[in-house]
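Labels run A, B, C, D, E and F following the written order; every chain starts at residue 1.
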Amino acid sequence: MGGVHPPENKLSTKSNITELPVPKAVIIPLGQHLGVPAKPLVNKGDDVKVGQLIAASEGFVSANIHSSVSGKVLKIDKALDSSGYTRDAIFINVEGDEWEDSIDRSPEIKKEISLSGAEITKKLAEAGIVGLGGATFPSHVKASVPKGKKAEYLIINGVECEPYLTADHMIMLEKPEELLVGIEIIKKALGVSAAIIGIENNKPDAIEKLSDIAGSYSGTTIQALKVQYPQGGEKQLIQAILKREVPSGGLPIDIGAVVFNVGTVYAIYEAIQKNKPLFERVVTVTGKSISKPSNFKVRLGTQVSELIEAAGGLPEDTGKIINGGPMMGKSLASTEIPVVKGSSGILIIKDEESKRKEIKPCIRCSKCVSVCPMGLEPFLLGVLGEKSMFARLEEEKVMDCIECGSCSFTCPSGRPLLDFIRFGKSNVGRIIRSRKQS
Amino acid sequence: MSKLITVSPSPHIHSGQSVEKLMYGVVIAMMPAMLVSFYFFGLGAIYVTLLSVASCVGFEYLIQKFILKQKPSITDGSAIVTGILLAFNLPSSLPPFIIIVGALLAIGVGKMTFGGLGNNPFNPALVGRVFLLLSFPTRMTKYPLAEGFNTPLLIPTNDNLDAVTGATPLGLVKEGLKNGESITSIFQHNGINYTDFFMGSIGGSLGEIAAFALIIGLVYMLIKKIITWHIPVSIVATIAVFTGILWGFNPESYADPLFHILTGGVLLGAIFMATDYVTSPMNPKGQIYYGIGIGVITVVIRVFGVYPEGVSFAILIMNGFTPLINRYVKPRRFGKIS
Amino acid sequence: MELILIIIGAVFVNNIVLSQFLGICPFIGVSGKVNTAIGMSGAVAFVMVIATVVTYLVQILLDKLGIPFMQTVSYILVIAALVQLVEIILKKVSPALYQALGIFLPLITTNCAILGVAILTYQKELDLVSGVVFAFANAVGFGLALVTFSGIREQLDLANVPKGMKGVPVAFIIAGILAMAFMGFANIV
Amino acid sequence: MAKKESTFLSMVLTLFLVTLGASAALGYVYELTKDAIADAESAKKSLAVKRVVPEFNNNPTEEFIKIPAETEGDTLYFYVARMNDDTVGYAIETYSKKAFGGLLKLLVGLKPDGTINNVAVLEHKETPGLGTKMTEEKFSSQFPDKNPAKFILKVKKDGGDVDAITASTITSRAYCDAVQRAFSAYTETQTEKGGMK
Amino acid sequence: MNQWRNFIKGFIKENPVFVLFLGMCPTLGTTSSAINGIGMGLATTFVLVLSNVFISLTARFIPDKVRIPSYIVIIASFVTVVDLIMKAYTNTPGPNGEPSLYDNLGLFIPLIVVNCIVLGRAEAFASKNSVFSSFIDGFGIGLGFTFALFILGSVREILGSGTFLYPALNFKFIKGDGMLAFVLAPGAFLALGYLIAIMNIVKKRFAK
Amino acid sequence: MLLVIVDTIATLSGLGITAAVVLYFVAQKFKVYEDPRIDEVEEALPAANCGGCGFAGCRNFAESCVKSESFEGLYCPVGGNEVMTNVARILGREAITQDPQVAVLLCNGTCENRPKTSHYDGASTCAITSSVYGGDTGCQFGCLGHGDCVEVCDFDALHMDPVTGLPVVDDSKCTACGACVKACPKNLFELRKRAKNDRKIYVACKNQDKGGIAKKSCSVACIGCSKCFKVCPFEAITMADNLAYIDADKCRLCRKCVTECPTNAIIEIGFPPRKIKTEETAQANPDKTENKSDNNY
C-alpha cells in the first residue's frame, strides 16, 4: 500500500566502515533518546574514562549515557543539538584514550550467550542501548514484552529505505556473524524462536552474505523485499513481512511482532557479549557533492564538522546539511552539532537541490493519497492543519501519520503537506493528552 | 560561511513532479484527438480550438490580473487544458461570440469564481459547455458534416444551418425512435457504421468523434501515470452493462452497448472530462462510485430524457456529489480495527 | 408505475429547489455543514408529508363549502400549528429524534417548500396516496439538493474563494451550476 | 408597550377574533371580485379563440361541440365562431402525443372551407430554445391560409410540405400531427353532418 | 426616527434580497422578465404595507403565545386579497398569447405568506413601532424588494431574451436568441449570485 | 353572499380556535424554562465570539455569568470594564473591574539588530518553524516573523512591519483578548496594564542566553547585566534566567532604566521626546537641526 520510490543515491556502498580518530573534545547531550533527558552524574573537572556512565536514566522511557572518550569534564552547559535548540550537554576535553577495564576489546566473536532473558534486558538498560534507526526508543523497554502480550516474531530491519544512507548496509556486510548472535540474544530476551531479517532487493550482497551464515542459526530467516520507501517504517515492515497490520493507535507487540534495526542489534551484541555500552555508532557521511562519501565509526559527541572534514570537507555549494536521510532527516542550522545515538547519517545537499518548489494551489490530483503508506488523505490533513481545524484532523486520523514525507515528496504543486500535518498532529496530540488528563 | 545554509522540515528531496508537467501531459494526450478533428472538420476545427484556448487563457489572465488582483498563473497549462476540452465539446460551426461566451463561463464562472485552479467544484469546460447547450440549443446540436478541409471555413447562418450541418448518430437514433422506427431501420436508413465511430468520420463535437484517438490518449496518460484506470473503466463498464441490459430486453428500441460507448462523447468524457483532478474523488474506491454514477446518469438521460447524449450533464452532476463521496468514502486506513 | 414517475419527476426533473425555487432560504441558510443539512432534510420530509395529508383534508372541507379562496389562510394556519405540534409530540415520544430534528422545526414554518408542495398537490389534482408520495419525493429532492450542496460548501470552506464571492454569492453560483446539471434530466417524465 | 398576558381565554379569544375578522374580510373581498375573476377566466379562452379565427361576435366558448374519442383525454373540442349567425370559423382544440416532452396542445383555427386561419400553442413541454421555436413566426407562418387537403401536413424529410424547425424535427412532426388531427376531425364532422350551420 | 432614512434603507443598506438574503424563492422564481419582477415586487409591497400597518395597530392586544399564528393569519388574509385582485385584473394574456402576469407569478402569489420579509418586518418592526413608521418601513422595504426584483429581472431578460420590459417595450436588442440559460432556472441563480457579489462591493463603497 | 361569509368565518375560526386551544395546552404542558437573563447578558456582550474570556463564544460566557454566583474568573477582555458593569447591572451584582490591558511584543530583533544565520525554507508559519529549530537567527527566543499572531488577531490590531520583520500592535485596536499570546510559539506577547497615553516601558527581549551569546546574536538583547535592576527606585524590576523583567503594576514610568540599559533592550513608548534624545536625533538628521535652529533664533 502506498509508498514512493525516490532515487536511491547510495553513494557510499563501496566505502568500508572506518574508524574516525578520537576528536579533541566532545559534546554529549543529555537527551539522546525518546523521553526525559538523563541526569548527569559527573561534575565540572571530573576525570572520565571511555565507557564510563556519566548520566543516568530518569524514568521509564529514558536511557543511560556513557562517556565516549577519556578526559576531563569541561562543563555542563547548554549546547545546540540536532533538535535545533540548545539543551543541556556534558562537554569533555579529551585526554588520551583510556577505556573502562570491563569492556572486552578483543576482535573475536563470542557466540554463546551466558545471560538469562531478564539479565539481558537489565544489561541493555545499563548499556544505554536505544533504537539506532532514528527513533531512539530505549531497547530494554522494547525487549521486555508487556504482561498479557506475547511476541511471536522478531523482525530485523535491514531495509534502509532512506536514499543515500548505507550505515546498516555496511554493518550487514561487515558484521554478519555478530548480527546473527545479536539476534539470538534478543530472541532469548523476548522468548521467541522465529526471527526474520527483512532486506530490500537493492542490497543483494548483504542478502547473500547473511543467507550464507543464517543456516547455522535455527529460526532465523532472510526475506528479500522489493524496493519501496518507507518500507523501513516499523508498521510497513511488519506488513511487508508478516502481512499483518498494526492496529491504529496500537504497537507492533499487539500483533505479536517486535522490530529491531540492524545497527541496534549490533550494539546489543557488543553490549551483551563484549560488555561495551553504547558510545559509538556507524554514521554515513554522504552527498552528491562530497568528495569521499564514507561510513565512519564515530564516538558520540563528535561534532558534525569533523565528520564532514574526514569525508573531504564541506563543499562550496552546500545548501543543506541533514542529520539522517533526505526523507525524514532533520536539517541542521550549524555544523557545530554533536553526533548522537540517533544520527544515522550526515547528508550534504547541493544548493540548487535544497530549495523547495514554489507552492502552487492543490489540484487535487490525489497522488498524495495514493502514496500515503497509512491510507490517509494528506491533501486534506494538510489543509485542515493549515486552517487549524483540529477536531476534523483527529477524525481524519492524523495521529496515524508516520511523517514519512511521501506526500510532500510526490506533490506536484510543491505543497508543504507534511509541515502542516506535523503542526496539526502536534496540536491534536496536545488536545488528546489534555482530554485524557481531565 | 558566506552563504547561509537552508533549514527546512523534512522531506528534503522532491519527486520533480509538477502541475505544469501534468497539465502539458494531458495536452499531449489530447493531441491525437485534436489532429483527427482537424482532419475531419478542417479549418473550422482549427479556428474553434484556437479561439477557445485563446479566450480561456485570456480570460484567466484578465480575471486574475484585474479582478482578483493575483499573480496570473496562465503558464501552468490548466487554462489551456480547459480551452482544448471546451473546444472538444463544441461543433466546428459556432460563431466566435458563442465560443467566447463559453470560455467566459468556463473560466469566469466555473473556475475563478471559486478561487481558481484547485478550488472549483465543477469541471470548468463542462460548465461552459452545458451553459452553451442550454443557451444555444440549436447551434450546439447541429454539427458540420465531416468533410475535412473541403469544408470551407464558414459559419452557417440561422437560415442555412440545416443545409450544411447534420446531427450526431445519437441524435439520429433518438429522432428515429421518437418517430416509431426500429433501431435496425434507423441504422440502415442513416448508414450508421461502427468503423466510422472508431475512425471518426461522423458528425459531432470536435473531440468526440474518433474513438481510436481518444484511446491513444488514454494509454498515454496511463503510462505516464497522469491518471489511473478507475474512472474511465468504471464509466465505460457501467454504460456497457446498463445499455446491455436494455438492449437484451429489446434490441429494436434500445441501441447496443458498443454504439452507446463509441458515440456521444462517452469516451471523451470518461477519459478527459471525468478524470479532471480537481473535480473527481480522491481515492480509487470513490472514483469507482463516481464512475458508476456517471454511467447510470448518462444512460438515463440518453434513453429517457430529451438530450440525445448526456455525458456532460452526468459528469457535472457527479462533480456535485464528489465532495460527499470524498467525505464518506475514505481510503482504507492502515491498521483499521474492523 | 405512476407513483414511480411522480417520484422521479419530483426528485430529479422538477427538483423543488433547483427548478421550482422553493425552499431557497433553508437551502442557502442551513447548508454550511453536511450533518445539519441531513437533519434539516429529515425534518422537512417529516413535516412535508404530514402537512400534505392535513391540508388535503382541509381542502376537502373548503371544496365542500365552496370557499377555495380560503386555501392560503387555512393552509398556513394549519401548517403553523402543525409544526409546533410535531415539535412537542416529538419531544415527548422520541427524544432522540427530537435531538436530531427538533432544532430545525421552527425554521420550517416559514419554509415555502411546505406550503408550496401542499398547494401543488392540490393544483396537480393528486389523490391522497399520490399526494403523500409526491410530498415525500419532493422532500427527498430537497434533501438531495441540500446535502449535495452542503458537501460542496463544506469543501469550499477549505478553498480560497475570492473575498467578494464568499458565502451567499458563491452558494448561488453553485446552485446555478447544479441547476444547470439537473437540466439534463429535463422531460424524462 | 406592555405585552398582554397569555392566558387561555385571551389566547383563544385573540385567535378567534383574528380569524373572525380575517375570514369576514376575505369573504367580502371574494364577493367583490367574484365576477371580475369569472370574466377574466372566460376572456382568457375567448382571447385564444380570437387569435385563430376571423372576427366574430358570438361567444364561442359557450358554443362548442365535443368530438368524443375512446378516452376522455383524447376528446377534441370545436368552438364555433359566428358573425351575425354566419359561421366564420372553427377553433379546434387538438393535441399530439408525439412531441418531445409528451403532450402538445394546439388551438387550430379553420375557416369554414377548411383552410387554416391560424394556429395557437396552448400547452407544451418542449425544450426551451429548440421545440419552443414552434411559436416563432419562421415556423408558424407556414400554416395560415393553407388548405390541408392540398398542403401535406408532414415535414419535408417525411415527404411533406412543412419546413421543420432546425434541430427539432420531432416537435415539428408533432405540430403537424396535431394540426392534421384537427383537420381530419373537421372533415369527418363535415361529411357526417353535411356542414355545421 | 428619521422617516426618510427609514424609507430609504430598504434599497441598499437593508435590501431584503441583496443584503439580508430574505425572500429568495420569489426573487428567483418570478424574475424571468423585468415586468414579472415588478409585478411580484409590488404584490409583496402591498401585503407588506398593509400587514405592517395592521399589525402595528393590533400588536398590543395580541398575547405573546399566539403572536406568530395571529400574524400569519393576518398576513395570509392580505395575501389572499392580493391573490383575488390579481386574479381578477392581471389575468389577461399578452398579445401573442403569452401567459398573463397572474399565470407567470402563479404559485408564488400565495407563497408571499411565507416570505420571510413579511413576517420578519411584522415581528421585528411593526409590532414595536408606530403605525406611521411601520407604514414607511413596509413601503421602503417593499420597494427595495421590488427594486431588487426589477434589477434581477432586467438582467435576466436582457441576457436571456434580448428584450427589456417586454411587452411594455416591444423591442429586441439582438437578432436571434439570447442566452436562454438566463431565462431558465440556472440563470436565475447565477445572475443573483453575481448581483449579490456586486452589491457587496457597492455597499462597501457606500459605507466609506 | 351571506352564506359564503358564514362558511368562511366558521371554517377559519374553527381552525383558529383549535389551534389556539392546542397551543395553549401545549405551552402549558411542555414549558421549558430558560433564564431570560442569559439573552440580556448576551446582548450586552460585544458578540465578537473571540474566546478571549476562555469560553466558547459569547453565549457560553453569558450562561456562565448567569449561572455562577460571582464573577470570579469571568471577565470579558474585549468589552472591558464597561461591559462587565452592564452585565453586573443586569444580574444585580458587583462587577470585578480589571485594569485595561494591551498586548506588547517582547522582542526587538529587527533584521538589522539580529542578523540571520540560516535560511528557513518551509511552510511559512511560526508554529512549524519552531518545530524544526530555534529560528533563522542566532537567538532562539526571538520573533520568527511569520505572523501567526497577525493571523489570529480578530480585531485587526496586529500587522507585520515589512522593514523590521516584526509584528506591530495597534494600541487603539487591541482588546487584550490574548489570542496572540496563545498563538506565539515563542511566548513573546505579554498583556500589560495600559497606562496614561498608552505609555509603556518594557524589556523587549526574551533571550535567556548568557550575556555574551545573547549580545552576539542580537545587538539589542537583554544581557542580564542587572544595571536596570539596580537603578530602579520602585523595585519594579526583577532578574531571572539572564533576563530583566519590569512589572507593569509597580513601574512608575520614571524611565531611569531606559537610559541605563547598555544594549537598548528596554523600550519606552508614548513619551514626549527627551531633551538628550532630541539632540541625538538632531545630529542624525541634519535637516531637522536646521529647522530647529531657525525656530530658536
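One rule holds in what follows: a contact is a pair of C-beta atoms (placed from the backbone, for glycine too) under 8 Å apart; a residue touches a chain by one contact, two chains touch by 3 or more.
Small disclaimer: the values here were computed from a predicted structure and weren't measured.
Shared contact partners of chain A and chain C, listed by label: B, F. Comparing mean CA positions across the assembly, the chain most remote from chain C is A.
Between the CA-based centres of chain A and chain E the separation comes to 71 Å, rounded to the whole angstrom. Centroid to centroid, with C-alpha atoms defining each point, chain D and chain E lie 31 Å apart.
Centre-to-centre, using mean CA coordinates, chain A is 86 Å away from chain D. Averaging Cα coordinates per chain places chain B and chain F 53 Å apart. Residue numbers of chain E whose C-beta contacts span two or more other chains: 65-66, 69, 73, 76-77, 80, 84, 177, 180-181, 184, 186, 190. Counting partner chains per residue, chain A has residues 84, 330-331, 333, 354-356, 361, 380, 416, 419, 422 touching two or more of them. Under the contact definition stated at the top, the residues of chain F that touch 2 or more other chains are 4, 7-8, 11-12, 15-16, 19-20, 23-24, 27, 117-118, 121-123, 128, 131-133, 136.
Every pair of chains meeting the touch criterion is listed here: A-B, A-C, A-F, B-C, B-D, B-E, B-F, C-D, C-E, C-F, D-E, D-F, E-F. Taken together, the chain F residues at the contact with chain D in this complex read 1, 4-5, 7-9, 11-13, 15-17, 19-21, 23-24, 27. Residues 98, 100-101, 127-130, 133, 164, 166-170, 173 of chain D are the ones touching chain B in the complex. Within the complex formed with chain D, the chain B residues making contact are 134-138, 141-142, 158, 161-162, 167, 175, 178-179, 306.
Those residues of chain D that touch chain E in the shared complex are 1-7, 10-11, 14-15, 18-19, 22-23, 25-26, 29-30, 33, 36-37, 39-41, 43-44, 47-48, 51, 120-121, 128-129, 135.
Within the complex, the chain F residues that touch chain A are 117-118, 121-123, 125, 127-128, 131-134, 136, 140, 209.
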